[in-house]
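Each of the next two complexes has subunit A plus one other chain: subunit B in the first, subunit C in the second.
Showing the complex of A and B:
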C-alpha cells in the first residue's frame, strides 16, 4: 500500500477520534435571570427586637430586587434553615441551597453596639460551594431611631451583595434629590433611590429648581428665586452652608458640579446673551466657556471632566453639542429631530441620555458621544424628560407625566425594570442622583 | 476422496478447477485495485461529515494564560495539546521531502486553518456548510439552551459585549460533569465567575450521543444595545 494512502487512512482515523469527543458551544446571551440569593433571617443579638430584624429583612430583599441584578429566593422553597441560628458556626450545606436554585446564601447577625446597630454577614456561593468574599460588618452611628437606620444598613448590604456578584456596587443605598410642589412651593427634596423617606431640604417659600450633587454627595447646588432672580445656591449636609454661589446680579441657573476639581458649570445671562460659564465652588475664578449669540444651556460633564455636553439653538433648533474644554472646540452631536434637550453624561462615559421631541411628546434616547450612535431608552405617549444617571451607570431616573401629574421614575439602561419612585401627591421633577455616601 | 463428514470434495488436482480458482482470484484482485485506486473508488470511503467539522472545532488557539482547573469527583485527564512536530531538516542530497506522517499532516492542517474561523457557529459559511453531524448539532443546541437557562447575572454585563470567557468542560458518557478548566479569561473576573457558575448549575448534562465529550464553551454577554 502506498505511503500516502496509509497516511490518508491514519489522518481520517485520527480526525474521527477528535471529532467524536470535542464540541464547541457558544453561549452568547443569558436568559436575563437575576442572581438568586437565599436570604436568611439574621440572628438577633441581645436587645434586638424581632420587629426590627423583620424590617431589616424586608428592606434587604427590597434593596436586592431594586438592583435588577439580584433577587431573593422565596423562603417557602428553602430546604435549609430559614434563619441564621449561630453566626459563629460557619458550616454550610451548599447542596441544600443549590438544589433550590440559589446562587448564594446570605446569613448574618444583628447586634447592638456603641448605642447603634452592627450588622455582621457572610455570603456563600452555593453553586461553587465556597465563600463569596470575606465576612464583613456595617455599623450605624448612635441615633434616636434604630428603625430609620436599619433601612440604610439593609440597603447598604444589598448593594454589597451586588458588588460581590458583579464587581460594581449597587445603588439602592444612594439618594436622589428632586423638586416637588407637594407643599405648595417648589422645594428641593431628597429621597432614597427606591423612593423611600422623602425629606424636604429647602424651605425658603420661593421657587427652587435644578438640584445637582457634589461628587462626594455632601453638597447640593440648586437654582433659587429667593432673591427675586434665578441664582445658583449651595447647600451642604448638616446645613453648614446654604447661600448663593456668586454675588453678581446676572441671572444664573443650572449649576452642575464637575466630577473632580470642584468647579461648577452654570448658565448665566449677561448682557442679553445666555452662555455657559465655569466657576470654583468658592465662587471665584468665573470664566466663560461658550461665546455664541445663541442660547447655550443644560451643561453636563464627561466623567473625566475634560468635556461638556450642552444644548444650543445656534442651528435654529435646540440640539446637543460637545465641547472640548482644552481646545475650546465644539461639535454638534444630534442631527435628528427638531428639539433635543436635557443631556446627561453617564458616569461610565459611554452614553449621553437626552430628551428628544417626537410629535408633541418627549422621549428618552441614548447617544454614543463619540460615534453618534443612538438608541431609544423610554418611549410613551406622555412626556418623558429630565433624565439623570445613577452613579453606577446602570439606571436612569427621569420625569414622566404618564399618570397626569409629573412623577420621578427609574429604569435600567437596557429599558427594563421601570418603576415609579414618587408618591401620589404633588408634581415632582428635576431628579439628580447622588453618589455613594461611604 | 471422502471427508470426515462424508461429503465429496472435488479433486484439487483437477486442472479445470484450478484454472477457475485462479481466474476468480485474479478477477477479484483486479476489481479491488480498480475500485481502490480509481478516483471514483474514493467514494466508497465513508463520508467524513462530522469528522471534518469536529476536526476544525478541535483547533482552538493557545490559551492566553495557564488554565485553572478544578477536579470534580475523579481525577481528570485532559489530553495534552500535541506538541508541534519538530521541523525535519531536509537532507542535502534528497530532492523530495519524505512523506508526511499522519501526525504531521494533522499538525499541518491545524496550522493552516484558523480555529476561530473554522468552528461551528462561526460566521464562516464555508466552514459551516454541510459538515454538521445532526446528532451533535442537536446536542449542542440542547447544551446552549441549558447553559443559557442557568446563566445568572448575564444582564449585569450586557453593556460590555466584548467580554469573552472560554472554558474546557469534560463530561462523561452519562453526561456527568467530570472537569472544568478555564482556558481564557475575559479580564473581568466577575463575568468569568458567572459563566463558571452557569456550567456548574447546568450539570449534569444530557448524555452525549457519542460517548464522553470535551466541550469548548465560549460565553459572551450578548449585545443588548
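Showing the complex of A and C:
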C-alpha cells in the first residue's frame, strides 16, 4: 500500500465520526495530490444525441481538471461500466471503483425537458462507500442551441463536484471580461474562465478599457472614449442599463464595483488632479475619498467593502496604500521598489496581488494587507501585469507578454497550474473575473 | 447644449425600447450588441492628428520616464507654440497627453493628464488664454511609434497639440 493511501485511511478513520458531506482526502496543495474521479458517460434520455453527450462529457472533465484539485480516472482502467446504465438504479459497487484508485464516481443522466435540457447526477464516495451529497439536477432554459448550453451545464456540474470535495465551489463555469485589440481598436470581450467562447461586448470602434463586474455578474462598468473623452459607462445583460455612470464632463478613468451595497469606486479628475471617489451605481451620492495633489488611482475593495487599496505617487513613485473608509485613515503598504501598481484584493481578504517593477520588468507579488508580508506569485523576463482574482480566491488571471503579444493567463495562488487563456486574439489585457451567475 | 439634450433623448429612447422587450440581446452573453454605426460619435481616425481645416503649427513636446515636468527643451518648444497661438489669435488647441507602454495603463492615464496639464499651465503662464486650450489624456493607448525600444518609448512620452473647432 502506498504511503499516501495509508495516510488516507488514517485520515478517514479519524474523520469517520464526523458526519460530513465531504470527501475526506488530504489534499496537500504543495504536493499536488488531486481527487481522482471516475466520470461515467451519462445515460441519454429519448432524443438526446450521442454527440451532445460526448460534448458534455468532455466539458465536464475539462471543468473538473480546470479546478486543479480533481482529475479524471482513465476509462480504460474502469472495472465497472463506462456509462450510467440506469440512473434510477442507485446501487453502487464501490469495490470496483476503489480498486482502480478512484476517490469518487460521478454518474448521471441527460434528458430533454421543457424544450431545454436536464442534467441529473449523483456522486459516490468510493472509499467510504457512501453517496457524497444528494442527487441533484440542473436544467437549461428552452433555447435553440442545446450545444451551446451543454458546456455551461457541464462546467456548472464540475464546479458543484469541486464544492462537494472541498467545501468551495469551483470556478470553471464563471466568466472573464477583458479587452482585446484584435479588431484594430480596443473593445471589451467576455470569455469562459477556461478561455472558451470569447465574445465581443462593446463595438463602438473607439478605445474601451478596464471592465469591472457588478457583484451579481449581471452588469459591467468600463471606460470608453466613445463620447470623445474618457468616461465610465455601465452596461447590463438584457440592456437593462446602458449609459454613462455620471453626467459630468470630468475625465473618468475607471469604475470599480464594490463587493456589496451597489457603490462604485471611481477614478476621476477634477481641477487637474486624479483622485478616487465613491458613487452609487445610479450615479447618485458622489463623494470624494482621496484629496491629495498626487495621482490616486487603481482602487480595489476589501471583500467586506470597508477598505480600499489603491495606488498613489504621493511619495514620488507609484506605491500601494490602504484606506479605511469609515475613519479616512490611510497607510502605505509597499516600500520595496520604485513602481508598485495594479492592486487586486482577494475575495478571501487574505492577499493583495499587485505588479511590481524590478529593473525594466514587471512581475506579480502577493502581499498580506495587514502584516505587509510579501511573496512572489509569477515572474518572467517579460511583463506580467494587471492581476485579477477568481471569485473563489484560488486563481489569478493576469496579462503577460511572455509570447510577444499580450495574452490573458491564469495561475493558481500557489504559483502552479499556469495556463494561457487567449490565443490568436490580438493583444489582450485588463482581465476582470466575474462571480458565479447563479 | 442642444446637441447634448438630443443625445440624452436618444439615450432615453434607446433604454426605453430595450427594456420593453423589443431589444432582445443578440449575443450569447446576454449583453446587447453595440455597433460602431449605431453610435453618433466620430470614428477615432477622424479625430487624430491631421484635420485639414486648419493648419496648426504646434510642435510636440517630450517627457522623461514617469515624469510630467518640462525640461529646457520642452519649455523652448512651448515658448514657440505660445508665440504661434498669440500670433494666430483665432486658433484653439487640444493638448493630448501620452505615455510609453511601460507601467500600469491606469496610472498612465493620470500621468498623461498631468503631462497635458503641465504644458497647458506653461502656455497660460506665457500669456495664452486658458479658454483656447483643452486637455485630454490617452495614457499609453495611442503610441506615436510601435515597439519596445528606449527610442520608441521616448517618442511616445509626449504632448501632441491638435487644432479644435472653436
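We take it that the second predicted complex is superposed on the first by the 407 of 438 C-alpha atoms of A that agree within 3 Å, B and C clash if a C-alpha of one lies under 4 Å from a C-alpha of the other, contacts with A are read in each partner's own complex, and residues count from 1 in each chain.
Following the convention adopted for this analysis, contacts are C-beta pairs under 8 Å (C-beta built on N, C-alpha and C of every residue); 3 or more make two chains touch, one makes a residue touch a chain.
Small disclaimer: the values here were computed from a predicted structure and weren't measured.
Touch criterion met: A:350 reaches subunit B, while subunit C stays clear of it. Judged by the touch definition given at the top, the superposed model places A:165 against subunit B, while subunit C stays out of reach.
Once the two complexes are overlaid on the shared chain, A:315 sits clear of subunit B and of subunit C alike. Using the contact criterion defined above for the overlaid structures, shared-chain residue A:267 touches subunit C, although it does not reach subunit B.
In the superposed pair of complexes, A:103 makes contact with subunit B only, with no contact to subunit C.
Shared-chain residue A:205: touches subunit C; no touch with subunit B. When the two structures are aligned on the shared chain, A:339 is found in touch with subunit C, with no touch to subunit B.
In the superposed pair of complexes, A:414 makes contact with subunit B only, with no contact to subunit C. Across the complex, subunit C is touched by residues 145, 148, 175, 185-186, 190, 197, 199-207, 209-210, 220, 225-230, 235-243, 251, 253-254, 267, 269, 272, 274, 295, 297-298, 311, 313, 317-318, 339, 341-342, 355, 357, 360, 362, 385-386, 429-430 of subunit A. Taken together, the subunit B residues at the contact with subunit A in this complex read 45, 48, 50-55, 57-58, 99-103, 105-106, 119-121, 133, 136, 139-140, 143-144, 147-149, 151-159, 188-190, 193-198, 200-201, 208, 210-222, 224-225.
Residue ranges of subunit C in contact with subunit A, taken from their complex: 11, 14-15, 18-19, 23-25, 27-36, 39, 41-44, 47, 66, 102-107, 109-111, 113-114, 117, 136-138, 141-142. Subunit A contributes residues 3-4, 7, 10-16, 18-36, 68-70, 98, 103, 125, 127-128, 165-168, 348, 350, 366, 375, 393-394, 413-414 to its touches with subunit B in the complex.
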